[in-house]
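Note that chain A is present in both complexes that follow, paired respectively with chain B and with chain C.
Entry: the complex of A and B
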């Protein structure tokens, strides 16, 4: 139970960090979207995560239940394409956390998230969409955990790097999927907004995980929890 | 721009309440969301048929609620997809135990939100199937879609699938009928003016007094070609030839035609178009089994029209002739 308590606490902290950061980047994301989309991504994501905070506030059940509530809040509030892509993928992937958050289930979550994202949006890598950030992130996370046997925090740091390379990869290419594809070659030179918001979320998850997995303070705060599980709260990633 | 509205943000909400007040025996509203359902939904043992999308296309979709057509219609904001949780509530409210068919127009937001809704409903043990209508022959990909847009041909899907469900068809049979219509139908539209959305309050695109757009969708998105204004006959030729080239029908094929108004064009002009349309299909050796003329799927106050042609066989003829009773379409025995 203590493990779960810490995970839930970390989850709430992560959501708060993500929401704060999206609020701060609202204008930037909308500027990116106005160049190649319909100029609502920043406002949508900000509104969505404010709703996430409202809906999850005080929830102290299983982590999977909280993650499911996150997906549902996004689905209800964001709409458009980003709502089903982010919210629907989180909803589906949340089932992978039914047994709790471990290194194993967090990889399963990440893979289920990517699979649903591609299935729903029909996008493949190289089409200038959020898939370009999520795909390398998920593959890197899986490899780091399963093959390289890295501690979750290091795995997550590598995941953020991979996502960042993915975002940079969207700049020079031409969009062939999504709203930006209508612009054809005029989409070249712009950073994809969905890939960018994905990176922002991952960065905040890393920030939170660092606080909870690396800091001795986090341990001291919870006397009933002698050790924070080393396969802990990284599973919200992707 | 002058509009008969109060606050732009209240347009959909007030429109739905007004519709319920106009047809209290036929439709009711689900609590707190922008969804209308048949007054008697869910119907025990009948496959539910639901549709939906952005508002601004009235009488699509709620106008087709009733016996022999739709069980549920979700109204997103103007030209904006409804959210998945609203669609899920609609699906569950229309499930009489035989499952629900979602008829979706091919717009990315609509498709993704319906997909998510179907998954949510499936988690609640509702059997859900989906068809995506993509009848617009003008574009392969557009501002809003991968692949062709779904436009006025959707009404024929509602009609045929609705009839099949009313006759007691199971979910697979109802879906098969819907897919048969989708495989048989093509549409192309044009605009003389842009529409004006309540939020924006000004035309979505600028057209000179002497210009028109061919190949438009139903959201005020630009067409495929801008030309000088042509005569009604020339416009009809252009649209009809575009649709017929895509469908590639054999001589003697029976068809249903629709001349659909985009919201701002009087019926008199739609009849003028229909007169020419029938001449052209006759010249192609096609047999018009039924010709519909009216505002079936509009784009707010846009002036213009679309032409739809659907090949029909005995099964589709029987289903399209099957009685239905809805605010916007009634077929009697």
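Entry: the complex of A and C
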């Protein structure tokens, strides 16, 4: 996917998929947040990504510029901690895409995103926050690309799996960071909303990547076996 | 004069805290930045940035903040501001009163206003 035009087209498609999915999950995310937070995460993320679509519509510059605009829109529109955490991290990490979106730059983006997220929020693994989904996702993506030399689509599928395990990990633990920590033990048994929205976004990035990278992977796949996103969809419905 | 911005999840709380602080320091240059863009509870980077611009007359601005996302959005506003802005690590109302009193003193500097705000961390209400 070296061609900038294709990258920009894929980026717009990814943003549209994420925005559609967040609109569909708005009530679910708000339900999660009403259990352990202030009941606005779904509405905030939906409003944020609708604004992202408005602000990036028709942008045809470099991918890094579009991703930066995504960060700006989220910072301005998404309330709660999600605004600065998602938006601020995307804003900082967008610099890593100056050379376009490749396997290498996307790893650099993911690492910069995680670093800024931890720096800004101060959360560690195990505190029942989005960090519990982002950390295993980023580490899995980096390892899949750099050590295991997997094709990007396969790496992304493993990343989504890792994020999903991270989300499930947030259910039984007690929140010690963020608004949910004020609830103490009452936070146990609930899925963290920020970790869940992270997983949702990654699932849609995988969905979009499948549309755009399918041809590259075709040779490595058994045509009769189910495709990765089908697995993802099944898991989600289960 | 060092400017002050009160960042709270509630627009009413931010305005109320400014009101209390201004009662102790009538001339203080203090701006509220409370609530989200749509008027709900929350904090907004754009609102904080606008308040920093309004409070800044060149001597710097101290931000007094409440919970969680107020801190993060304040940090984002600091990163994107051209002014000399600092966040005080202290309880928001007590710090606002202290900082406003210090800011109106003739000898006040950005450092001394931050220090005055952060003194509020050690205040006890019951002896």
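The rule is short, and it goes like this: the second predicted complex is superposed on the first by the 212 of 238 C-alpha atoms of A that agree within 3 Å, B and C clash if a C-alpha of one lies under 4 Å from a C-alpha of the other, contacts with A are read in each partner's own complex, and residues count from 1 in each chain.
Simple rule for what comes next: a contact is a pair of C-beta atoms (placed from the backbone, for glycine too) under 8 Å apart; a residue touches a chain by one contact, two chains touch by 3 or more.
As the structure is a computational prediction, the values presented were derived from the model and not from experiment.
Participant: Based on the superposed arrangement around chain A, label chain B with chain C as either clash or fit.
Facilitator: Aligned on chain A, chain B and chain C clash with each other.
Participant: By the touch definition at the top of the document, which applies to A:178: first (chain B), second (chain C), both, or neither?
Facilitator: both
Participant: Quick one: classify A:120 as touching chain B (first), chain C (second), both or neither.
Facilitator: both
Participant: In the overlaid three-chain picture, which partner chain does A:26 touch, first (chain B) or second (chain C), both, or neither?
Facilitator: neither
Participant: Now for A:143: first (chain B), second (chain C), both, or neither, which partner does it touch?
Facilitator: Neither partner.
Participant: Just chain B (first), just chain C (second), both, or neither: which does A:75 touch?
Facilitator: It touches chain B and chain C both.
Participant: Quick check for you: in the superposed arrangement, does A:55 touch first (chain B), second (chain C), both or neither?
Facilitator: In the superposition, A:55 contacts neither chain B nor chain C.
Participant: In the superposed model, does chain B or chain C contact more residues of chain A?
Facilitator: B
Participant: Out of 22-30, 220-228, 256-264 or 292-300, where does chain B run into chain C after the fit?
Facilitator: 292-300
Participant: Once the two structures are superposed, pull the chain A residues common to the chain B and chain C interfaces.
Facilitator: Touching chain B in the first complex and chain C in the second, residues 75-77, 79-81, 83-85, 87-88, 120-121, 178-179 of chain A appear in both lists.
Participant: Considering the complex alone, what residue numbers of chain A touch chain B?
Facilitator: 72, 75-81, 83-85, 87-88, 91-92, 120-122, 177-179, 181-182
Participant: Mind pulling up the chain B residues that touch chain A in the complex?
Facilitator: So the residues of chain B in touch with chain A come to 76, 80-85, 108-109, 112-113, 115-116, 119-120, 141-144, 146.
Participant: Sort out for me which residues of chain A touch chain C in the complex.
Facilitator: For this pair, the touching residues of chain A are 38, 40, 75-77, 79-85, 87-88, 120-121, 178-179.
Participant: So in the complex, the part of chain C that touches chain A is made up of which residues?
Facilitator: Interface residues on chain C, with respect to chain A: 36-37, 40-46, 67-69, 72-73, 75-76.
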